[in-house]
Amino acid sequence: MKKGRFGIFGGQYVSELLMPVLIELEEAFDRICPTEDFQRRFRGLLRDYGGRPTPLYYAQNLSGLVGFRVYLKREDLLCGGSHKLNNSLGQALLASRMNKKRIITETAAGQHGVSAAMAGNIVGLETEIFMGVKDMERQESNVKRMRLLGGRVTPVTTGYGLLKDAVSDTLREWTTSSRTTHYLMGSAVGPHPFPMIVATFQSVIGEEIKAQVLEKDGGLPDAIVACGSGGSNAVGAFRPFIEEKDVRLYFIEGGGESLDADNCAAAFALGRPGVLHGAVMQILQDEHGQIKPSRTRASGLNYPGRGPEISHLCQTGRVKAGYAFDRDVFEAVRVMCRTEGLIPALETAHAIAYVLKNKEDFDRDDVVVINYSGRGDKDLDLIFRHSEDKQ
Amino acid sequence: MKKGRFGIFGGQYVSELLMPVLIELEEAFDRICPTEDFQRRFRGLLRDYGGRPTPLYYAQNLSGLVGFRVYLKREDLLCGGSHKLNNSLGQALLASRMNKKRIITETAAGQHGVSAAMAGNIVGLETEIFMGVKDMERQESNVKRMRLLGGRVTPVTTGYGLLKDAVSDTLREWTTSSRTTHYLMGSAVGPHPFPMIVATFQSVIGEEIKAQVLEKDGGLPDAIVACGSGGSNAVGAFRPFIEEKDVRLYFIEGGGESLDADNCAAAFALGRPGVLHGAVMQILQDEHGQIKPSRTRASGLNYPGRGPEISHLCQTGRVKAGYAFDRDVFEAVRVMCRTEGLIPALETAHAIAYVLKNKEDFDRDDVVVINYSGRGDKDLDLIFRHSEDKQ
Amino acid sequence: MISYSDTLKISSKFDELKKRGEGAYMAHVYYGDPNEEFSIRLIRTLAENGADLIEFGIPFSDPTADGPAFQAACERSLRGGMTPKRCIEGLERLRREGLKAPVVVTTYYNIPYSMGLERFMAEIKEAGAQAVIVPDLSFEEADELVRAGGKQGLDVIFQIAPTTEGARLNRIIDAASGFLYVINVEGVTGTKKELQRSTLELIRGVRSRTGIPLMAGFGVSKKEHVVDLVSSGADGVVTGSAIAEIYSRKLDGPEDALPEIARFAREIKAGCVEGFARRSLNR
Amino acid sequence: MISYSDTLKISSKFDELKKRGEGAYMAHVYYGDPNEEFSIRLIRTLAENGADLIEFGIPFSDPTADGPAFQAACERSLRGGMTPKRCIEGLERLRREGLKAPVVVTTYYNIPYSMGLERFMAEIKEAGAQAVIVPDLSFEEADELVRAGGKQGLDVIFQIAPTTEGARLNRIIDAASGFLYVINVEGVTGTKKELQRSTLELIRGVRSRTGIPLMAGFGVSKKEHVVDLVSSGADGVVTGSAIAEIYSRKLDGPEDALPEIARFAREIKAGCVEGFARRSLNR
């Protein structure tokens, strides 16, 4: 397969202005990342700053409820509250080794922006974060976090004021500053080498799952379930299992109100391959090729594209794509709170909701790992308002 | 020393209604806690649910700033965002083994209430949390968390509507229900056996520090700094070092605006021994023995009493008591954000502020461990408003 | 210095009442709520209308054994500037002005602890008290206060509760002096509509083990309660919150509540008499 | 089907201009902003007032290489219901109504990708285009589109930027057809006050390596820019955002802006002529 390609997906569809920095980045990644020095610092930060390994928690009460064994891979316990830091630390370190002076990035749920600001401070680089104005409203607490951390949060008003517009603006900013600035891509999307870099840094999740489930359960899991849009937490969790054909892999998108609703983000059900932000991906778009924004309640699932790797894995059937509707997502939050005392991020709750609503996908003696990608602190107001409304 | 006594401190000053349950509790703790079965479940939950061991993080940037080596014991990464879960899981497990049907407790910052609700769900016990109305306002997000987790949050309007009043109301409730209900005491305070139980469950912090600092730095630390009011995180961190006379121990209280201000919580500077909520403790009180509430910006430091063990350690000079004023605490938050990308809880920021303001207490080659007791998510609005005001 | 006749001794009071065939009525007030003058008149009214003993409360900021009525009473009194010293002066004044009933001072342990146990006991003794009750002082921690009381000839009253059992119960009974305070309910002070069956069983059980006077308190607010308690073996009852509830409805002019309080006290006392009579019948 | 004379060929146009001693002026518009009728009149105005080539933009929802002016243009056009198909029909109409300038269709890669590359190239060819520019299509990914263009005789215009260097620069130059689009600035489209010195060096550098026509774009908004660029070796310039900025101040009646746009075009064209003249002097 051509470098940077996953089947028909991937590639480098960017302005000529960016090609040189992408080439530089790939070269630097290939050169720096494998060095012992980089790995020692990266692994050290993941462990001591991030809190890795994150636990694999046998969710006894939830298992009792669903009738099969469920483990949660606790990325919510990673510093910052989601899996995002794995990638941010890796790329920030890389950027500093590349002598970049500054980090730019975009964020939707704010989790990535927070982790980028953290990582920027650790390596001593300025951080600017582009964020759609709509997302800024919905994820106000994360905006505060980023600003407290010294991150400059730049509101994006173009387009729909959502994540895709923020990515566009970050790319624009990058074209003006790529010599000094690293674009810390937040998910496994964008032009090559980003999907590869992000997946590499995130695959620590899957490596840990593999070792932990072997230790705790004596074998490989029967299924791994992860939510996503760009797909970084999913690819990170899935990577070490792709060749293990007996391990079923599920990728859960935001279903919004329904498949017909205009907030639906089920790109595998409703989209088709297209080119956006530098790569061929599975994309939500209209008949003419204009990109459609989605607006599920989970800001982090509203990117219209699916990263090249997850696009390919779903297209070829290795990964099963599913979705969860908003109402089931809120119910999943409730169940998680009551059974295990954990408030999940709305994104994460999609994976839980899928398991709760599709019990027939799993056998009585299946071992199912849910990649518990983040905690719900950022969604507290939304969740609380919803739970009040229901009473 | 008499059981339950630390020098002149401690004891069991409670209504006769509660003596039988305290005796039952002590007996149950002594019987159940050492069993392999209990320890396996407790340690298992701490690891897989809680995320222990929490890292000991060498804060390179902060160290550079202060001029000596600073390690952070990352209790902020514990599930729920502070050290409180160590104790809540232990007591909730104990309560369920004692066949109690229900947990009651109080909370100020809400961190303990959240951890109690989590632990309650894990062991399948109902949880009711008493919280002063003033604290409910200031820590609104934690109130939401507790309620989402199914905890019943009961507003306390008596007295000043602060933590001490919530403790009083919880004690009152306990006198009516002690046969079926466990009072999950949130700090190392209250009548014997609570201070012992809480310190035992929290001392996992210090045990880990000891092993980790030996591994990372090749020796014992020169100093350990912890914030506190009841003293659970401090005692937990200090316990394994009390006999190591070369390790200096610092206990940092809330200084409020100034020592003269009526929000000051510096009980070791301003208080004296007294009896409250079941024990002889160092207490903020007026000349007549009426308890004085404090109202520093950190809800979790406003308990007017210092647990018997920390009271004794400070009285005998083994631990040095210090305090930090509000303005230095907010500055410490800023420094922490910028140097290490971490937003500390306001309580935790007191320990950091002390180190920043008292650099002369430490030598150039000192190794200082700050017990980083919690993350600032709960204080986000307060911190953010303060940082905006300053601009 | 005021001198007190032997009749003020608690044991003499119980002897006297037994001879008269009456249960004892102890009325509990927090001094200074809502002001000193009212407390003086309140105590006088109670003593004149049937209260045999006065439980004289020194307010504390954190009265953990008290329910809402007494919490509010403590708060009001403290907000009015009340201090332990002024309370003791108030007691002295009551004695000076002729109060003849034995007085049991009640407060939380930090008040004597703060003043110094010896000094506290000496001062209340001098002011005219016969005993103390410290609701947050467990039997296990009481030695020091008992010792200080011993020096002054003051009884430290112990409490027992429905949850007190077995060997501990016996130890407390054996160590009791003055009288034993039987906590009727599992809970804090405050009026209750009904008396629990188990309360009467508790009284009967303790009665069968000891001759020391038993005073039943917590939750008593009606004559029927009193009759039942005394006829079951209690030597008397305590009411507290019930009184505070009456005047706290008229805080603008609490004196207006005194006639109703007088009526209430007479009824409780009547219950003490009737209960005692029934007890004799029961035997 | 419409037939086009050879004069529409891009190479012929450059030959002709060179013969006349002029730099080429390419005017870039997004079709349909704010409506189709205006775009038709705008393009006609530009062609009549000095534009030698038309860069005909098909709006895309996420124009990542464009600055604020063109982002807004795309948004307005799409909000008005514009589709790629209607754009192509618009181009056809322009040809039918006599537009003689070569047309370079520009759009983002998802538009041809979505329609199918072959079909897209065939349709724009048939409508009258001579070339395409796809700003988010890197040289490395261009093979397929070049192949589809080859079948139709359409040039795929490559871009080079200040950051393009070394072997890659040479490879792109060697593969270029039609002309090379030199991106003047590190950044997106949009007007700039000043032209950077480095831009002119870039032009000179590339000029020395190749004989293919060089069109300099991004940030061009003033005659002085144009003179400098053309005199430094560019065969022409592109203006885009500058035009959109003029009419976007009068969106209620954009036609009112046409006289100003005509003036603007004439000035840019004058710069092309003057720059060329100076170039000859420089030699």
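Each chain gets a letter, A, B, C and D, in the order it is written, and its residues are counted from 1.
Definition applied: a contact is a pair of C-beta atoms (placed from the backbone, for glycine too) under 8 Å apart; a residue touches a chain by one contact, two chains touch by 3 or more.
Only a predicted model underlies this, so the values are computations on that prediction, with no experimental measurement involved.
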Common touching chains of chain D and chain B: A
Maximum centroid distance from chain B, chain identifier (CA atoms): D
Chain B and chain C, separation of their C-alpha mean positions in angstrom: 38
Centroid distance [mean C-alpha coordinates] between chain B and chain A, Å: 34
Chain C and chain D, separation of their C-alpha mean positions in angstrom: 99
Interchain centroid distance [CA atoms averaged], chain A/chain C, Å: 67
Chain contact graph, described as a line, ring, star, complete graph or other shape: line
Chain A-touching residues of chain B, taken from the complex the two chains share: 47-51, 54-58, 61, 74, 76-77, 79, 117-122, 124, 141, 144-145, 147-150, 333-334, 337-343, 377, 380-381, 383-384, 387
Chain B contact footprint on chain C (complex, rising order): 60-68, 71, 75, 78, 83-85, 108-111, 113-115, 135-141, 158-165, 168, 172, 183, 185-188
Touching residues (chain side chain B, partner chain C) in the complex: 11-17, 19-21, 23, 158-159, 164-165, 168, 171-172, 175-179, 273-278, 280, 283, 285, 288-291
